[in-house]
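See below for the structure under consideration.
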Amino acid sequence: MQVTGTVLTTRRVDAFHALTVVAPGIAERTRPGHFVTVAVGGPSTSMLTRRALFVHDVKPDYGGTVELVFTVRGPGTRWLADRRARDPLDLVGPLGRPFPVPRDPVACVLVGAEYGSAVLFPLADTLLARGCRVDFVLGGAGAERVFGAMRARRVAQTTTLTTEDGSLGLRGRVADALPSVIADTRADAVYACGPMDTLREVTAVAMKFDIPVQVVVEEAMACGVGICMTCVLPVIGEDGTTRMVRACVEGPVFRGERVRFEDVGTIPFDAIGAPGGGARHAG
Amino acid sequence: MQVTGTVLTTRRVDAFHALTVVAPGIAERTRPGHFVTVAVGGPSTSMLTRRALFVHDVKPDYGGTVELVFTVRGPGTRWLADRRARDPLDLVGPLGRPFPVPRDPVACVLVGAEYGSAVLFPLADTLLARGCRVDFVLGGAGAERVFGAMRARRVAQTTTLTTEDGSLGLRGRVADALPSVIADTRADAVYACGPMDTLREVTAVAMKFDIPVQVVVEEAMACGVGICMTCVLPVIGEDGTTRMVRACVEGPVFRGERVRFEDVGTIPFDAIGAPGGGARHAG
Amino acid sequence: MPVDMRTFLAHVELATPVLTAAGCAGSGRELAQFFDLHRLGALVTPSVTMAPRAGRPTPRMTETPSGLLNAVGLQGPGIDAFLERDLTWLAQRGIRTIVSIGGGTVAEYSALARRLTDAPGVTAVEVNLACPNLEDRGRVFAREGGAAAEVVASVRSILRGDVPVIAKLSPDVADIVAVARACVDAGADALCMINNPLGMSIDTLTLRPALAAVTGGLSGPAILPLAVRCVWQVHEALPGVPLIGVGGVLSGSDALQLILAGACAVGVGTALFHDPYACLRIERELEDLLQARGFQRLADAVGLAHRPPGSSPRIPLEENTP
Amino acid sequence: MPVDMRTFLAHVELATPVLTAAGCAGSGRELAQFFDLHRLGALVTPSVTMAPRAGRPTPRMTETPSGLLNAVGLQGPGIDAFLERDLTWLAQRGIRTIVSIGGGTVAEYSALARRLTDAPGVTAVEVNLACPNLEDRGRVFAREGGAAAEVVASVRSILRGDVPVIAKLSPDVADIVAVARACVDAGADALCMINNPLGMSIDTLTLRPALAAVTGGLSGPAILPLAVRCVWQVHEALPGVPLIGVGGVLSGSDALQLILAGACAVGVGTALFHDPYACLRIERELEDLLQARGFQRLADAVGLAHRPPGSSPRIPLEENTP
């Protein structure tokens, strides 16, 4: 649904901006893993596409609020960073398929890089409510780009931090730290959100341990609702065939081992409808 | 020159919005009749052209301020109307040729319609400083569209108001009231600003009384600095030939009898460079 | 009094003139989560091809000033799955559907037309001529009247007479009227314009084309002036031919521009990506604008800007005039 | 270390690659009030015609999303007054000047070229091919390789060999490369693209075309993707030909897109209407961007986006990366 929300609070945390937006209707429907799209630029803007942002936090205040956490990348997020309390904000959501959560109280490692960590906190709350054990691995390029360390420490059994420049926690990437966390916590499942490279590495680790991994992918999106076909990536279906599927509606959460990370940004020759070969598989 | 000014105050007067902008450099150079152009829409806007606005008032405060008075017409003036104190505002100016002012202390009637009245007040101040007699005729479609009546009453010998709907002053248009004002004040000169129709009517009246009239024309402008050639109108030169001249740099102030009002929006066949005939006159 | 918004595409009556643009409304199911598709003049499908197509690699889109560049490459399920799954879904619900078809050869268009002849629920067939002609060095059919006409003639000859054939033209030509005329002469019952002009963007950080496919189609408000011009020129030359105006429509006022230029229906594409309710909003705004201008019927506004100057009153500009 | 911003248009060296676009910088005197014109790569004049021209009636302009439509109609003083007044003023000050010429017949272009042969201060001549050909139903020369080539060949044959001839092309064609190739074969030393695509806007209050001339040329950021695409395609086909990229450049990053696509110089038009200092700002931004990406010479960036994928490092995205 589309809602003209109102900015309630803005804050800056290290390299991140956070906006809490009163968005009744969206807030109560949001499940962990959902995202929203935000119109940027105001009236007469030259920016045509909405920006996709994960929902970090949902609260029932004022009829329902969502918190969005983001870094400034280009003009759209720059505009968002300039919003002030009481400004209107046009949201569509909740969008995408949320995280599947285990029925049993299993041990889960939640792996987040950069702003990708944001989407893991509502998930952690849900898992904890079901009696799961939750451990965090959070990383970023530098200390100011690791999101949510404090909150992770509060809710999780253990929190492992990594930075590529070594300015906080272990030097390296989240996937480097992951094996020992999985081993130590005897994890049953991994959830990960971050850049595509990170997801590939995390998936490789989880597969080595032979435990399921859910990844949240991020592809450039023009619509977020499944109608523009711009956000596709090659994913292997139940039937073993590869299809170019839309991250916005068929994802953004996928089972890691089904995503053909090496082939993202290409049309694999054996994908359904690929030039030449793939078409034959079609039904 | 180009200045990133700061909005100092905003106010609403009837149908008009007024912005006082701190714009050092522009303020001190501004003479009565000058205009500025304002960038509208903010970063990443889809609105490409600046909006031309007359300078209503200049004050030395804060290094120099200019006051702009406008009505909302489309998205650009709508955006301007939403500015708040402390917002930045990008101005270019002062632009155009200011009013020529008489050397002697003569009697002048200043005729303004709608927001056109705004540009007459700095002129009145200058004329009064030279010992001229100043009388105002101000008009608009309705009472709320007559600008500056109070101030006019304060500074001028007489102030005559007209509205087309009769809601304030005389029912009719400024040119209807003008003959008796000229007669009563034994006016030596007329200055007028308003829509093209008004200027045509005012010019006709002044010519009947055989007194000089200076009109401020308003043509849609893309640049305001003389480089785009979009703001032209047919004006008769000293040599008696008609040229398509640029309102922004050759005007916006013209001697009324030189403007070919009936032919505005056309290329008169005898204009220099007109298709067919005019080209022959060229030298 | 409400405005009579009905319009005709050849003999087919549409309840409202606002359609989706081909390839911008998914299969219909996605938008159905937001509003009732019966409220559309018609849903135009993505261009369907014979075989399933995986489309182009990503990145497939990038934003430009007031525009969007896309290079999706007609990703789709192929005609069989389309008929079975997508068209059936639409037909069962009685949603007016214009099926867009795309091909690499005249033979492929003909084959698609044959598959559609007996399919239920086809209100009209739109022929997307902006497809590379595999038999002419990949030049798009729409670039030239002869190639376009050949496709249109073959589709027209195959489809039942009561199914209008709409030829969809591209603006990347020196003379849109010549292509339009060739299509009408070849039997097109209506024309749709414009498809995306070809554009490109370079990422100044990676120093490479922003799209994997290098070039892509430009859409959105940036191209509205091109669409208005094409509709105007073609209506001027061929006043009797029903035109669907497409390109950059974000608001009712944009739609009204195309209608005044000569379009009897308007397609909404990129605006749907920003606002899934865009078609309904635009229809409402259009109706309000027509009403405010004293129109009782949409049909009276079609092509009205062509009438000679001086033949209508000027409506005064006022603050808050819609 | 500052970036070496020099560039060459054929054998003519320009100190910087940022030029004004034809018709967007007045006579030079207007902009000289804002900055020193010597800081331009070159000033390109409005297209001059043989006779004085009064141009089109007003309204001549209207705003569109991220664009501007104009129909000025080459208002100008004619070649005699131009030479005497405008060119002399520029030449006396030693301002690098590219003279743009426009005509209605090949003979008019030739006559203009003859008048320019002995004029002092002509750095190069740009042939505006977007003029209606009076001998071909008013169709613009740029729409077709043959007509364009005829003009170019005649101008080239008249001007002295050391004055480069630049052919300025329009995007409203099915195959920009074909027109470009025809012009180069006819002797063009460089190409400039793009001129304004033809657009139109309708005033939904008056229900009439917004421009007195009905249609007009679209400019501004809306057309940047078309300009980048045209420069890319022509550089791909004719890599040795110097290209001036024009169309929608508002920022150094826009200019860099055109340069990476293959332009060795960039023209700034509509941006000057918004910011009379635009050329200087864009040059500075361009230099900063080149420096931040490790370029020592502008020339190394020209056409760089054409190199095969995988042959350069990806520069990481960071907050505040220019």
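So that you can tell them apart, the chains are marked A, B, C and D in the order they are listed, and the count of residues begins at 1 in each.
Assume a residue touches a chain if its C-beta (ideal position, glycine included) is under 8 Å from a C-beta of that chain, and two chains touch if they have at least 3 such contacts.
On a predicted model such as this, the values are computed, not experimentally measured, just so you know.
This structure's chain pair with the greatest number of C-beta contacts is C-D. Of all chains, the one whose CA centroid is most distant from that of chain B is A.
Each chain gets a centre from the mean of its Cα atoms; for chain A and chain C, those two points are 35 Å apart. Centroid to centroid, with C-alpha atoms defining each point, chain A and chain D lie 45 Å apart.
One inter-chain figure worth recording: chain A and chain B are separated by 56 Å, centre to centre, where each centre is the mean of the chain's CA atoms.
Centre to centre, using the average C-alpha position, chain C and chain D are separated by 33 Å. Within chain D, contacts with two or more other chains are made by residues 65-67, 220-221, 317. Those residues of chain A in touch with two or more other chains are numbered 46-47.
Chain C makes touch with chain D in their complex at residues 64-67, 69, 139, 143-144, 171-175, 197-202, 204-209, 214-215, 218, 220-226, 228-229, 232-233, 248, 250, 253, 256-257, 260-261, 289, 293, 301, 304-305, 309, 312, 314-315, 317, 321.
Of all the residues in chain C, the ones that touch chain B in their complex are 65-66, 221, 317, 319-320. On the chain B side of its complex with chain A, the touching residues are 41-47, 75, 78-79. Within the complex formed with chain D, the chain B residues making contact are 1-2, 39, 46-50, 92, 219-220, 222-223, 225-233, 243-244, 249, 264-267, 271-275, 278-279, 282-283. Partner chain A is touched in their complex by these residues of chain C: 23-26, 30-31, 33-34, 46, 51-63, 65-68, 70, 72, 75-78, 80-81, 212, 220-221, 270, 272-277.
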